[in-house]
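Per-chain residue numbering starts at 1, and chain names A, B, C, D, E, F, G and H are given in the order in which the chains are listed.
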Amino acid sequence: MDESLAAILQAVAAGQISPDLAQVKLQGYSQIGDFAKIDRTRQARTGFPEVIFGQGKTVTQIVKIMQHMRDEHPVVMATRIVPEVQAELCLHIPDLQYYPAARISALQPLEVPITAPGTIAILTAGTADLPVAEEAACTAQLCGFQVEKLWDVGVAGIQRLLNNRMVIDRADVLIVVAGMEGALPSVVAGLADCPVIAVPTSVGYGAHFQGLAPLLTMINSCAAGVGVVNIDNGFGAAILAGQILRTAVRLQKI
Amino acid sequence: MDESLAAILQAVAAGQISPDLAQVKLQGYSQIGDFAKIDRTRQARTGFPEVIFGQGKTVTQIVKIMQHMRDEHPVVMATRIVPEVQAELCLHIPDLQYYPAARISALQPLEVPITAPGTIAILTAGTADLPVAEEAACTAQLCGFQVEKLWDVGVAGIQRLLNNRMVIDRADVLIVVAGMEGALPSVVAGLADCPVIAVPTSVGYGAHFQGLAPLLTMINSCAAGVGVVNIDNGFGAAILAGQILRTAVRLQKI
Amino acid sequence: MDESLAAILQAVAAGQISPDLAQVKLQGYSQIGDFAKIDRTRQARTGFPEVIFGQGKTVTQIVKIMQHMRDEHPVVMATRIVPEVQAELCLHIPDLQYYPAARISALQPLEVPITAPGTIAILTAGTADLPVAEEAACTAQLCGFQVEKLWDVGVAGIQRLLNNRMVIDRADVLIVVAGMEGALPSVVAGLADCPVIAVPTSVGYGAHFQGLAPLLTMINSCAAGVGVVNIDNGFGAAILAGQILRTAVRLQKI
Amino acid sequence: MDESLAAILQAVAAGQISPDLAQVKLQGYSQIGDFAKIDRTRQARTGFPEVIFGQGKTVTQIVKIMQHMRDEHPVVMATRIVPEVQAELCLHIPDLQYYPAARISALQPLEVPITAPGTIAILTAGTADLPVAEEAACTAQLCGFQVEKLWDVGVAGIQRLLNNRMVIDRADVLIVVAGMEGALPSVVAGLADCPVIAVPTSVGYGAHFQGLAPLLTMINSCAAGVGVVNIDNGFGAAILAGQILRTAVRLQKI
Amino acid sequence: MDESLAAILQAVAAGQISPDLAQVKLQGYSQIGDFAKIDRTRQARTGFPEVIFGQGKTVTQIVKIMQHMRDEHPVVMATRIVPEVQAELCLHIPDLQYYPAARISALQPLEVPITAPGTIAILTAGTADLPVAEEAACTAQLCGFQVEKLWDVGVAGIQRLLNNRMVIDRADVLIVVAGMEGALPSVVAGLADCPVIAVPTSVGYGAHFQGLAPLLTMINSCAAGVGVVNIDNGFGAAILAGQILRTAVRLQKI
Amino acid sequence: MDESLAAILQAVAAGQISPDLAQVKLQGYSQIGDFAKIDRTRQARTGFPEVIFGQGKTVTQIVKIMQHMRDEHPVVMATRIVPEVQAELCLHIPDLQYYPAARISALQPLEVPITAPGTIAILTAGTADLPVAEEAACTAQLCGFQVEKLWDVGVAGIQRLLNNRMVIDRADVLIVVAGMEGALPSVVAGLADCPVIAVPTSVGYGAHFQGLAPLLTMINSCAAGVGVVNIDNGFGAAILAGQILRTAVRLQKI
Amino acid sequence: MDESLAAILQAVAAGQISPDLAQVKLQGYSQIGDFAKIDRTRQARTGFPEVIFGQGKTVTQIVKIMQHMRDEHPVVMATRIVPEVQAELCLHIPDLQYYPAARISALQPLEVPITAPGTIAILTAGTADLPVAEEAACTAQLCGFQVEKLWDVGVAGIQRLLNNRMVIDRADVLIVVAGMEGALPSVVAGLADCPVIAVPTSVGYGAHFQGLAPLLTMINSCAAGVGVVNIDNGFGAAILAGQILRTAVRLQKI
Amino acid sequence: MDESLAAILQAVAAGQISPDLAQVKLQGYSQIGDFAKIDRTRQARTGFPEVIFGQGKTVTQIVKIMQHMRDEHPVVMATRIVPEVQAELCLHIPDLQYYPAARISALQPLEVPITAPGTIAILTAGTADLPVAEEAACTAQLCGFQVEKLWDVGVAGIQRLLNNRMVIDRADVLIVVAGMEGALPSVVAGLADCPVIAVPTSVGYGAHFQGLAPLLTMINSCAAGVGVVNIDNGFGAAILAGQILRTAVRLQKI
C-alpha cells in the first residue's frame, strides 16, 4: 500500500481513510489508551514487529496492545510472560499461543514460514541456560528465520563443542548463551567465521552477581567479532541476529 | 594454494616445503620465539589477519611478530601503538606506516582496495570520542571495507543526528561510539534498519567510572538489535562489522 | 497568624495557647509518641507539608502522625502505601483517600485547587515507568500544581517524542522518568528551555542493577541543566519541581 | 533578527545571506571542520551559549570552535582548561581571558552585566572544594547571574552554617558543593525554601572512591527538593541554577 | 572463684570438679554438640557474655547453646530472633523473655541492675531506624548500662537535633543510627565531646544499596572521632559503647 | 576394559557393542535428551564422576541424567538438592539417598570405601557455615576420601583454633569455610604445612554483600599457599582437595 | 578565662577586646581569608585542636591557617604533608617541625607532656602499614597521650601476636592497622578487653581495590567491640582513641 | 639440629647459644629493627623461606631483612622488585642476583637443585601475561621445583592449546595465568587430571577493571578443581603449587 504523504492525504480527501488513521500513519505510531505508543514504522523499517516486553506491564495493558496490533501485523508476540499471566491473557484472547520454554505468547498463523536466508545457530554452555536460549530461538522462528540448536557444550568439556564443530561451520550467525563464568563465546568466536552474539545469563551463584560475571567475561573477550547483549536477553540476541541476516538480503538486492 | 593434509604431506615428501613449515600449516599456528603463537587459520577462516594488540607487549615482541607475519599476509597491523612506540618500531621496520588518530601501525600496499560490498557507517556522540572511532575506521579500511564517518551527533542536540539521517539510512552496518552517558546507540537503533554495534568510550568524568556508565547504558538499551563491545574497543567493533558484511557475501554465494 | 516570639509569649500569658503548644511553636516541631518529630516550619518555609514516607513505618505510626497533622495542614499525605496498608489505615481514618497508581494516601478537601503558576510536565520512557511518574503527578497535584502527562515516549522511537514536542515547549519544569538505559532526559534537555528533573526507575533487568544503570546515565548526561533524584523517587522530583515554580512566585513579588 | 523559514529563504533570494549560512540557520547547527557540530539553537532556546567542554579536546579543536563562535555569541567560554592549555590557546587567541580558580577561559566584554533577577548562592563544605565551586560561580557570572559565595561551612562544625543562615534565606536557588561524606546539601535543604542543587566533589580519600561516596549521599538525601549533578560538575550546576531563574522570568511575563 | 591453673588442678585432684570441666576451664571454651564452641573467657575478660547471633542457626542449635550457658551466666541473650523463632524457642525454654522491638530473646533476672557508670545515648535519624536502635538499647541494658534514647532527629530538620542538644551534652558515649544518606553522625560528632559510634541501617531505597550509601557516608565523615560498625549492627555498637565505658572504670581503678 | 580406538572398532565389528555406544565412547560424552551432554572421560581422567549441579535443572532433567549415569558409575550424585526436590526425585528413583545437611542426593553402595591416602580436614569459622562445610565433607566422602571435621573455630576466639591445632597438623589438605569477614584461612595457612582451600560463605549481613566480603578477604590473604573457590562452593573445594591427594598417588607410582 | 556572653560583652564595653574578636568568640569560629572557618569551640569541647587536613589545600592556605591558629593553641598540626610541601611551609614558618614517617607538620613546645591517663597501643599487620600507624601515633602524642607501638604482627604468623599479648593486655584502647586482607583487628578484638579501633590501609594489590577489601573485612568482623575508620585514616583513629580516654577522665570527675 | 625446648635450654645453660638466640628460637620469629618480625618456623614447617614482599617496603628495610635472613636460609628472595630498587639494593648487597622478567631479587647458590618430585606446568593466555607467569616460574625454581612453561595459548585460538595437550598431560600441578576475560583455566581444568591454580592478571582494558573481570571468571569456573589466587599473584600460585607437591612427598613417606 502506498504510504507516501501525498497518497495518505488524497485517501483522507477521498474519504478512504479517517483523519485519525491518517494521523497515525503520518506520526508513525499508534496511541493505545494513554499508556502506550506503538511504533508503526518499525516493521516496515526492520521487518520485525514491535514486540511487547511483558515484564512490568499489567494484563490489561498487554491485552489492549495485542488487540490493537493484531489487525496490522501478521505476528504479534510478547516476551517474559509467566504461565500465570498467560492464563489471564487467554481469558481475553482465546487464540493466544504459548511457548512455555521461552516464556513467549504469540498471535500468529499456524506455522511461520521461513522467509529469510541463512541459519542462526544457538548454543548454550549448560542445561540451566535453556530458558534464555529458547527465548532467542522462539523469537527468531516467529520472525521467520531458520534456527539450529546445540545445548550443553560448555568449555569445561571442550570435546563436546569440538565434536559439534559442524554446527558452528554451517551457521551464518551464532548466538552463544552462557551463565557461570561465560567463557563459551570466546572459544566459539575463535572457531567461527561468522558474527557471534554473546548472551550472558543469570545462571550461577556466589560471585556470579546475577550475571555480572559472564557479562564482564564476554565484554572482555580476547576473540574479536563478538557483540554482547544484556543478561538473559535472548530476545535481543535474536533480533540482532535477524538484523544481520536481513543486511545480507539487502546487499543482495543491490 | 592447496593446504589439505594430503597436499601438505606430498609437498614435504617432494621437498617443496620443510617439515617445519608443514608443522605450522598442520597445527594451525606459528611459534614466534617462546612468547607468541600466531593463528594461521584466522585469515583463511575470517578474512581478517591476526592483528597485534600492542598494549602490554614490548617493542621487541611486536617487531618479531610483524617480521614473521609480513611474508604471509598482505596487511599486517598493530593497535594501541602510541607515538613513542611507533618511533622505536620504525628503527626496525622502516616502511611501517602510522595512523596517529587511530594509534595504529601497519605494513600494507599503498592503498588497500575495497574488497567487500556494503558500507560501515561510524558515528560519534562527541569530538573527544574520535580516537576510538578512528581506530574502528582505520581497522575497517585496512581490512578492505568502505567507511562513512559522522562525528559529533550526540543526543543533547538531536537535530544534528536527524539532519544526517541519510547516513543511517544508507549504512549496511552501524558503529556508534559514545562516552559520557552513552545514549546515542539507542536513538540510532530506533532509526536504523541494519545492525548496530555500540562502543562505549572512557570519555567522561565523575560517575562515569572510566566508561562503565555508557557500557551499562548500551547493554540496557531499550532498542533491540544492538550488540556491545568493550570500552574503547574500536578495533573489535570494526571486526564485528566486517564479519557481518562478510556473512552477507557468503549468503550471496549460496 | 502572628508566630513571632513576642506574640507567642503574649498568647501564653493571655491563656490563649497552652505552654505545650507554645513549646511546639518555638522549637519548630511536634513530638508524636516517642518515635517521630514533625517539622512544623516546613510548610511555612516551603509551602509543602511534611509528607509521611510510608515505607518502613508501622500502621500505628502512620495513623498517629496523620491524626496529629490533620488539624494543622490542609493536605496530609503519605507515600509508598501499598493497598494492604491502605486497607488497614482506613480502619482508623475512614475518610482517607487512596491513589492506587501512585501508591499515595491523602487527607484533603474534595479537589485541591491549583494555587501556583506554571506547568509541570511529566514524561515517561515506557509504560512500566508509570507508577513512579504517577507518584510525581499525584504529589504535585496534591500540592496545588498543574500537571501535564506524556507517557511512553522513549528514545528508541524518537518520533514519538518529536511529535509531542509541544508538551516540552509549554512546560515550565520537566520531570523525565525512565528505566532501562535512562536516555530520555538527555534528549529532552537538548530540546527544552526549562529545568529538567531526571528520575531513574528500577524498571529493567540484567545489568540494570535495580536502577543503577539509568541513574549513572542521567548523572553523566551530556546535556546541561539536568538535576537527578534517587531511583523511583517520583515524590522528590515533584517537590523539587514545586520548589522551582515557587521560586518564580517569590521573585515576582520582589 | 527574523529567523523564520520565510525570512531566511527571502534573504537567500535577495543575496543577503549565502546558501551556506542559510543551511546552518535552518539545520540549527554549524559544522566546524569534520570534528564538531555547534548547536545554534541553544542560546536562543536557553539563553546560554554552547559552552566548550575542554577536557579531551585538542588545542586546535578548541581554537577553531572559539573562532567560529565568537562572531555570533557575546560570551564564548570553555571549561576544564588547565593553565598549560590556556597558555597555548593564548598564542592563537590573544584576548582570551582566564579564570584560574575556575579553570575557565572566556571571550567576553570587560564586565558581564547582570541580566537576570534573583541570586544564586554557592556553598562549600570545605576549602578543598573551592575549584568546583568557583567553576560554578564563574559560569553563572559569565552568563549574567548574581552570585553569593559562602565557603567552608561543612556539617562537622554546624554553627558555621547556622551563623550564616541569612545567605540561605536570601538565596533564590542554592548550589551546595561538598566532598568527603557530602552531607551538607541535606542540612541546607532542611533550612532552605528554594531549590537546592547538590554537587559532589572528588575531594576525599579511602572509601570515598573519587566522589562516589558523596554522590550516593546526595542522591539518598532525606531532604526533598534536592537535584544532583555529576561529581565535580560545577558548570552543570550553574546552568541548572540559571535555568531555574530563567523559568521565573518566563513565568513573570505571562 | 579462683580459676588459676594451680587451683583448677587441685580441685580436680580433690574431686571437686570433674576432669571434663577442668578441661573446659583450661582450654577456655565449652563444646556444645559438635557444632559450637562457646568462649568462656569472654565474660571474664570483657564483662559481656558470649551472645548468640541467632541468624543462620537452627532452633535446636540456639536452644542447646542457651541451655548450656544458663548455668554459668547471669544473662543469656540471642539477637536477630524473629517472632516465629521466639515462639519455637519458648516451647523448649518457657521462661525466655522477648523484646520484639529489638528482636532479642533473653534469659535474665527480672530487672538487670545498672552496674557501670556513664550513659550511652542512642539517636536515630528516622522512625524506620528504630529496630536497629532498639537492638542497641536492649543489648546495652541487658549488659547493665544506662541508656538514653532520642528518636527521629535527622539532619533534614536540624532544629530537632539542636533543640535536644542536652542529650548529646550529657552522654558519655553516643550511638548514632541512620539510614537514607546517613549524615547524622557527622553533625553529632561536630557537637559532641565524647566518642561517637555510627551505625548505618538498611532503611532506604534506590541508590541506597541496602545500607552501602550510609556506610560510605559514615566512613568518610569529615568529623573526627567516629567509629563505624556494620549495617544494622545495633548489637555491635552497644558492645563497643560498653567497652568504652568499661575502659573508664578500669582507668579509675588505677 | 580396553577403550582404545582399535579395541572399540573391533568390538563394533564383532557386534559386541553397538555403533551408538561406540560413538559415545569415541566422542567422550553421552547425549541425554537434547538438553545435556555427560562427559564420559572425566572419571577416567580425574577419578571423580560428572556430578550433577542440581540448581536450575528441572526434576525431569535430573532424573534422566541420573538414570543414564547409574549404569556406568559406582557413585552418582547431585548437589544443591533441597528437600522438596529430593521428595520428587524419590518418586522416580526410590533408592536415592539424601544427605540433608549437605543438600546432596546420591546413588551409591551402602558405604563408600576410602580408596585414597591422606586426610582432608574441614574447618568452619561459625555454626552457620555448616551447610557449606557439609557439602564439602559429603562430596569428599562419596568420592572415597577420609575427612576430619572441626566446626566453629573462628578467629574471634583464637584459642578455639589453637587448642585444636593437632587437626591442622595431621591434615594433608585443609578446607577452611568462613562467612562474616572470612579471616580464618589466613590464620590457618600461617599454621599449616599443607595446601589450604578457602571457601567464603554467604553467611553474614550488611556490608557482607552475600559473600563478597569474605571472598575478597581470602583472595587478599597475606598467607601464601591459599587457593580460593566460589562463595558457598563446598563441592568445588572437595574436588580440588581430592585432586591434590590424587596427585600424591600419581607421583607415588612414578 | 570567662567566655560567657555577659563577660564578653562587658569586655567589649570596657574596650578590653575588640568587637571583631567578640564576634569570633560568640559565633564560635574564626574566618581566615574567605576560604576557611576555624572552629574555636572544638578544643574547649574535645581537648583536641582543629587539625589542618593538608591534602587538597594550597601552601598559602595552610600557612595562613597555621599563623592564625598559633596564637590560640598550644599545638598546631597539619596532616598529609609530603616533604615537598613541608619544604615550602618552612619558608614561611621556620620553626615548623616535621615528622616524616607520619607526614605531619606541627608547631609545638619541645616535648608535649602526657596529660591524659591510659595507654593507646597501636599495632600493624605488616611493615608497609607503618606510615598510617605513625600518623596515628604522632597525632596521639602531639595531643598528649601515651602510645605503645607493636609493628608487623599480622595473622599469617599468629605466634608473633601471641608472644606479644602483654601489649594487648596493658592497653586501654587499641588501634589496629592492617592492609592486605585486614584480618588482624578480629583476632585482636577476640583477645582484648578494651575498645578496638580498626584502620584499613591501602597496602595491597589486585582485588584489594585500594583498601576496600580490608575495610569490608573490618566492618564484617565477627568480633564485637570494633569501630572502623576510613582507609589510611590514622589521624581519625587517634582522635577517636583520645576521645575514649577523655571519657574516662570525665567519668572520674563525676 | 635439635630444636626442642629441652635441647635449647640445655644449650643456653652450656653457653652454646646466647639467651637472645634462644628467645628467637622459642618465640618462633626474629625481630629486625622495630619494623619487622621474621617467621622462623615457616621454612621448617613448609619448606619455603619467608619471602620478602618488596612492594611498599623501603630499600633500607629490604636490605636489613635480607642481611638478617641470609645466615639462616639457603635461599633469600624478594618479589615485586623493580629495576630501580634492584640497583639500590646492589649497593648494599653486591652478590644479589636479579631476574628481571620476574621482578625477583635473590641470594642463592649458583644453581638451585631440584629437590622435589613432580612438575609444575605454567601456562599463559597471552604474551602480555608473561611477567606474572615468570614470577611464578622463578619462585618455583628458586624453591627447588621443576617447571615447564607454555606461553600464549589463549582460548580464542583453541588449537594452540589442544596441540600442546601433552604439557597438560604430563603436569602434576598446573598454574594457568590469564588476563582479558580469563577463560583459559576453565578449559584447562576440563582437560587436566591434576589440580589447577588460576591466576588472573591485570592485563586488559575497559570493563576489565584491573583484573576484576578475569578474577570473577575464574571464581565462577564451571570446571571443578580450580583454586584461585589474587590478581597478578604469580608468587602465591607457585607457593600453593609447591605445597601440593610437598603434600605428595609427605604422603609417600607414610
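Here is the rule we go by: a residue touches a chain if its C-beta (ideal position, glycine included) is under 8 Å from a C-beta of that chain, and two chains touch if they have at least 3 such contacts.
Keep in mind the model is a prediction, meaning the values are calculated, not measured.
Engineer: So if I look at the partners of chain B and the partners of chain E, which chains show up in both lists?
Structural biologist: Under the touch definition, chain B and chain E have C, D as mutual neighbours.
Engineer: Out of curiosity, which chains are bumping into both chain G and chain H?
Structural biologist: Touches both chain G and chain H: F.
Engineer: Are the interface residues of chain A and chain H largely the same numbers on each copy, more than half shared, or largely different?
Structural biologist: same
Engineer: Taking each chain's centre as the mean of its C-alpha atoms, give the chain farthest from chain B.
Structural biologist: Of all the other chains, the one whose centre lies farthest from chain B is E.
Engineer: Just give me the whole-number Å value for how far the CA centre of chain E lies from that of chain F.
Structural biologist: Whole-Å distance between the two chain centres: 38.
Engineer: Per the centroid of Cα atoms for each chain, what is the distance between chain F and chain G, given in Å?
Structural biologist: 50
Engineer: Can you work out the whole-Å distance between the CA centroids of chain A and chain B?
Structural biologist: Distance between chain centres: 27 Å.
Engineer: Quick one: chain D and chain H, Cα centre-to-centre, how many Å?
Structural biologist: The answer is 54 Å.
Engineer: For chain G, write out the residues touching at least two other chains, lowest number first.
Structural biologist: Where chain G meets two or more other chains at a single residue, that happens at 39, 126, 156-157, 190, 206-208, 212, 215, 219-221, 230.
Engineer: Which of the chains touch, listed as pairs?
Structural biologist: Taking the chains two at a time, the touching pairs are A-B, A-C, A-F, A-H, B-C, B-D, B-H, C-D, C-E, D-E, D-G, E-F, E-G, F-G, F-H, G-H.
Engineer: Help me check something: in the complex, which residues belonging to chain B touch chain A?
Structural biologist: It is residues 39, 45-48, 51, 117-118, 172-173, 190, 192-197, 215, 219-221, 224-230, 235-236, 239-240, 242-252, 254 of chain B that touch chain A.
Engineer: So in the complex, which bits of chain D are touching chain G?
Structural biologist: So the residues of chain D in touch with chain G come to 126-128, 130, 149, 151-153, 156-157, 159-160, 163, 203, 205-208.
Engineer: Considering only the defined contacts, which chain F positions touch chain A in the complex?
Structural biologist: 27-29, 34-37, 39, 41-42, 53, 55-57, 61, 200, 202, 210-212, 215, 230-233
Engineer: Please output the residues of chain A touching chain H within their complex, sorted ascending.
Structural biologist: Per the touch definition, chain A meets chain H at residues 125-126, 154-158, 162, 180-183, 186-187, 189-191, 204, 206-209, 212-214, 216-223.
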